[in-house]
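For reference, the structures are reproduced in the following blocks.
First chain A sits with chain B, and in the next complex the same chain sits with chain C.
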Partner chain A sequence: MTVKVRFFARFRELLGTDILVEKKGTPVVLALVKEIAQKKKDGYDAIFDEKGNFHEFVIVMRNGKRLEPAETATVNVADGDEIAVFPPVAGG
Partner chain B sequence: MIAIQHEDVDIGRLISEAKLPGTGAVVLFDGVVRDDDIREMELEAYEEVALKELEKIAGDAKKLHNLFHVDIIHRIGRLSVGENILIIVVSAGHRPEAYAGSRYIIEEIKKGVPIWKKELRKEGDRWVPGEHPHDAGKPA
Partner chain C sequence: MLSERELDRYKRQILLFGEEGQEKLKKAKIFIAGAGGLGSPISIYLAVAGIGTITIVDMDVVERTNLNRQILHNDRDIGKKKTVSAVEKLREINPDITIKAIDTTIDETNVARLVGSSSGIVDAMDNFPTRYLLNETAVKKNIPLFHGAIRGLYGQATTVIPGVTPCLKCIFPKAPPKEVFPVVGVTPGFIGMIQATEVIKFLIRDGRLLTGRLFIWDGLEAHAEEICVERDPKCPVCGGSHAPAKKVVKNPAKSPVRKKK
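Let's turn to the complex of A and B:
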């Protein structure tokens, strides 16, 4: 199974982006993102709180649709998914 | 025209094209890079998603405010002070609808479209903080 993880803005600077992940299983979104972020402490701390949950302000999308914070711990990724993780938007 | 692009646009042409039969008012919103003691501004978007969301906002604005025509052009990349960031052109039969429609579009963009700004400053760069909490901009 291959999943693409995209970070944007400050998270992109800390962790990179367009990261292709090859997995044998189908982890939940939270676990997948955590595994990637744990490689860089600054990036991890920017996205996750001390309990290992997404910070309240972090927005997570699966295939272009926003996930509720609780859903990130229950929704499994599937082959070909694109997961996006980003801070509050500031366009306009 | 709904677009996310690096290039600037010809605002005069957009206004001309917005004057469809029955138009009594055209409102232009032009968001520009403000001189907040910055060198430049860098804009980044989740382009595929942001474009779909702009298209939805334009469609909703047309229905809600009886607009005849909507253009939304959001620029990305590196922009200097005074350059256009966001152009919104709307036309309607009367000014109340045109003003309300334009205001609706900018406020919806601020709530949830995945675009970010970074101020490039002499003393260090700074991401502009988002204006809204986590639950803003979710699909209804």
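Let's turn to the complex of A and C:
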């Protein structure tokens, strides 16, 4: 199966975007994103906390639908899925 | 009634909104929280558009480091209260409207009083704790909230219609970490214009608002994106007892009055 992972804003700068992942199995969203992010430490640290969960402010979407932080560890990706990972900003 | 002077001043936009639309802008009372990077372009453009009453709140003093983005303030204003500088500029920009500037820190004890009976609240803050306060007030008072935030060349915006759209807490349950954020003036300029456009559309009841959608701007890529956002039924702000009774999901700006020719 093929899944597209899209990183936005700062995450894109650190990790690139529109990353196509080809997999034999169907990992959970958290594991899939982690595997990509692990390739670059500052990218990984920007997205994940020390326990390996998404930082609580990070927005994760699967096919345009928001996933709760807990769901990212239980929802499996399927062929053709698009996963978006977005860091909200706070400045003004 | 619009004066001859006002009819003249707003001639080119009356072509768009009609006199009736311009009257709506004149009657409106808009609350802008912050006279900084976002608050500067937002207040300037809402002032020139003829929003009848603009209240702008800030507690800071103009510093040199503000001047790369806070276009309401000039070099000669360094050391001056931002509210004083804002009133001077906005009155010069449009003497036909009322400008109220309040020099205070928005907190839980004064936010309801400050917002009063505004037609809309513009989020031009630089931190999430105050944004959450504005959001709670917007939901409690059933007043639209026009959200914007920026960092570097990135920005986001959305429009919250209490009881209809997700509130800010539904969309951002947890605040991004506090930081001294990098920024170049064009980004709050860009996002501020999205917010000001939303305010005008809301007031004249035209177009399709940025409701249920989070607009995301990537200035580095020159790429805009939007993601659908939904109400959280468990939201502590709008999902529980504070939620207004109305349930009809309807974009108020889609209904009545199109432009008068």
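The rule is short, and it goes like this: the second predicted complex is superposed on the first by the 88 of 92 C-alpha atoms of A that agree within 3 Å, B and C clash if a C-alpha of one lies under 4 Å from a C-alpha of the other, contacts with A are read in each partner's own complex, and residues count from 1 in each chain.
Criterion: a contact is a pair of C-beta atoms (placed from the backbone, for glycine too) under 8 Å apart; a residue touches a chain by one contact, two chains touch by 3 or more.
Quick caveat, the model's predicted, so the values are computed rather than measured.
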Three-chain arrangement built on chain A, chain B and chain C clash or fit | clash
Counting only touches as set out at the top, which of chain B and chain C does A:77 meet: first, second, both, neither?
-> neither
Given the touch rule stated above, what does A:47 touch, chain B (first), chain C (second), both, or neither?
-> neither
After superposition on the shared chain, which partner residues are touched by A:3: those of chain B (first), chain C (second), both, or neither?
-> neither
Which partner does A:33 contact after superposing on A: first (chain B), second (chain C), both, neither?
-> neither
Where on chain A do the contacts with chain B and the contacts with chain C coincide?
-> 8-10, 12, 56-57, 59, 61, 64-66, 84, 86-92
In the complex, the residues of chain C that touch chain A are 34, 36-39, 123-128, 148-152, 154-156, 172-179, 181, 183, 188, 216, 218, 220-221, 225, 227-230
Flag every residue of chain B that touches chain A in the complex, lowest number first.
-> 31, 43-46, 48-50, 52, 74, 85-86, 106, 109-118, 127-134, 136-139
For chain A, which residues are in contact with chain C within the complex?
-> 8-10, 12-13, 56-57, 59, 61, 64-66, 84, 86-92
Which of the residues in chain A come into contact with chain B in the complex?
-> 6, 8-10, 12, 56-59, 61, 64-66, 69, 84, 86-92
